[in-house]
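We just call them A, B, C and D in the order they show up, numbering each chain from 1.
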Amino acid sequence: MSLRFQRLILILITLVFLSAAVVLILFNTKQNIVFFYTPTELIENDFILNKKVRIGGYVKKSSFIKKSLNTYEFKITDNVNELLVFYNGILPDLFREGQGTVIEGFLNNNNNIVASKVYAKHDENYMPASIKKELEKNNQWKKNYK
Amino acid sequence: MFNFLINPYKFNKFVDIIFKPLVILTLLVLTAGLFLVYFSPLDYQQGLTVKIMYIHVPSAWLALLTYAIMTIYSIIGLAFKIPFSFIINKAIAPIGAVFTILCLISGSMWGKPMWGTWWVWDARLTSVAILFIVYLLIIFLNQTFENREVREKTIAIFILIGSINLPIIKFSVDWWNTLHQTASISKLSAPSIDMSMLQPLLIMTIGFSMIGVIIAILRIKAEILLRKKFL
Amino acid sequence: MKLIQKIFFFFNREAKLFYSNIGDLFSNILFFFLSIFIFVFALGADEQLLRNVGMGIIWSLLLLSSTLSLRKFYEDDFNNSVIKIIHMGGMSYELIVFLKILSHFFFVQIPFLASIPIACVFFNLPINEVYNLILTFIIGSFILSCLGSISASMNLLNKTNFSIGSLIVLLFFIPVIIFSIGTNNSESDFNSLISLLLGIALIFLGISPWSSAAFIKLALRNK
Amino acid sequence: MLLINNLSFSRNDNIIFQNLNLSLSNRSIAQIRGKNGSGKTTFLNVILNFLESKTGEIFWEGKNIKKNIFNFYNKTTFIMDHNTCTRKMTVLDNINFWSRLSSSKLTKDEIVLLLETFNIQKYQNTKTMYLSSGEIRKLELLRLILEQKKLWILDEPYNHLDDLSIEILNQTFIDHINKDGVILFTSHLKPSINNLEVVDL
């Protein structure tokens, strides 16, 4: 068994291992390292009751109700389906209707969430406030969320 | 033309020529950047806090760029056996570490008002923290081995193994839906950042990278002198 | 044919070496159980808290206590140049590293596997978490052996501080910990996580013989 | 038939030895002499391809050793200056491991006979860490006879040995040469072996 023959076998074995590994990893990377689920994803793989879960989406327009000091109720949606959220605590100053948000909380039975933490998610558009006023003045301002 | 990047003597000659003008140019660029940032408009969503971006984004890019440069140099050093590349690796490791810690601190300062928390365990932030730990390990490894040849080769191989982290950082926002927003500049369509904010950002990036280059030049020259003493 | 006999006697020697200093293994397992007690005292004995936190603590303590036995990997075989004699006996460095990884897996990691159920009793984990823990540990411990081989061969000539070796193991073990604890929260589907862990194990199995052999050759050249 | 032509080696560019030529036909023995630190051990390591030589090649039986290293190793025994037996294993375990590794054809009682000639048979089942350095040295040299290879390369074989053992060692060298073996060893002593080729470093 000369050295080169041994090394050749080991090269073949390593290539087989590496290709199998790449296939395994690429095939199922998507679902599991997830920071948050969208409401549709959550509903698809059937709710997990009272298990800590993170949901990301947009605050539905005109669904924001301020019940009392620091307790709020709003709907979170990803333009497909939506979930009702109860939250009491301080909201980040970026948070308002139509804004992207990530919620950590527990699902109680009829598909609404008691949130323990609310993050405001900033999308990637930066635009000076001045231009926004002009656009609003001659009402070209339209908020098209995908 | 480019072999001052590989040959220490040519590097010294080239550097002596361009060092003084480079320092003056950097001061100019930085003052221009300072004014542009001061007069840059507030963001329609965040208002004043967006100004942290002018430190956070350049230091993030330069942290990744420094590691990419170190990876290229370790490949050159190992494959073509050029000793100068190991000198450069040793010299620019701390610069990358400083840029990474700058990016982490400015990022978390920006996160508190925007997201509502100093630190959140998501893919982009954790992988940048791992990059910082890799930088620290490289700096510590530089002090461990007695034998120079073993030390250089081990660190070069370690940098190569650690470079798996670069694509993870770059594409972590696109692969997994993370709290950190996707890239504003590299989108194929028009960049979703307004022109009046893009200019100061680019100026600040150029300023930061020139500071990095100056410090790198000083450290590499010091390293060459150190190496000559032992040679 | 002769090579298989040599491999068999290589394992025979590893077994003899393992049984001759069995004290090392017991000190590792003792470290594992003592640190479990420390965690339990630190967290207080409240049932529900221990149950939630148990799997994570056990996994990280397994990782830490297996980095204790890193120095034993190549250190004494390298110092008295037995590696050179084995290489002259007809085995390439890559094959020696591969056999070392397998023998480390059998003689160091399997006893840890035996001590997991006892640790789970201390944290009164539910049965499915214990099952998750054992399954992910089998794959995880193999990755630990590969990583241990890489970091041990990297630090052969490193006389000053050996802790860099365990730092490297901890650093590269982060994704494995994320996935193996991920099997616990039930939204992520189980067998995709396990195949992900298998993928990482295969990657490390692929690169560790080559990188460890390269480090050993480097160390032999500059002894 | 070992042939070395203009071998030179330098460690981070200070030259250890330069264009060294040596040719050892069958039935020949050579000694490498030099003051300490003159690169004797490095020379042996370069011959055995554990160190990369700067220039020059080494031929064993006409073929360059870099091409088929395992054929070369298959016919060589290398005894180092430091002890390579495992301290935590007994003498017999070490010997069994060595004989299996080099697939030697010695039977069990031949091995016991060998132990008697080196008079370390009473330590058969004791761990090597309890033996004296002279006895461990004899155990190392025992590997020469155990593996029955053609080319013997030894590094400082005579240190730690008493006169009787040196006499036995010289005798084994002469027997090996008569069975047309090749021996190359480094030592600063001047052993009384006839037609000894001397290489000065």
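Note that contacts are C-beta pairs under 8 Å (C-beta built on N, C-alpha and C of every residue); 3 or more make two chains touch, one makes a residue touch a chain.
Bear in mind that the values here come from a model prediction, so they are computed numbers and not experimental data.
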item	value
A-C compared against A-D, more contacting pairs	A-C
Reference chain A; chain at largest CA-centroid distance	D
Distance between chain centroids, defined by C-alpha means - chain A, chain C (Å)	35
Interchain centroid distance [CA atoms averaged], chain B/chain D, Å	54
Approximate Å spacing (C-alpha centroids) for the pair chain A, chain D	68
Where chain A and chain B are represented by their mean Cα positions, the distance between them in whole Å	29
Residue list for chain D, restricted to those that touch at least two other chains	70
For chain B, residues that touch 2 or more chains besides their own	149
Residues of chain A touching at least two other chains	1, 3, 29, 33-34
Chain A-facing residues of chain B, complex	41-47, 50, 53, 113-117, 120, 122-123, 175-179, 181-184, 187, 192-194, 196-197
Parts of chain B lying in touch with chain C, wherever the complex brings them together	126, 130, 133-134, 137, 140-141, 143-147, 149-150, 153-154, 157-158, 161
Sites on chain D touched by chain A in the complex	68-71
Parts of chain C lying in touch with chain D, wherever the complex brings them together	2, 5-6, 9, 12-13, 16-17, 20-21, 76, 80-82, 84-90, 220-221
Residue numbers on chain C that touch chain A, as the complex places them	2-3, 90-92, 94-95, 98, 178-179, 182, 185-189, 192-193, 195-196, 198-203, 205-207, 209-210
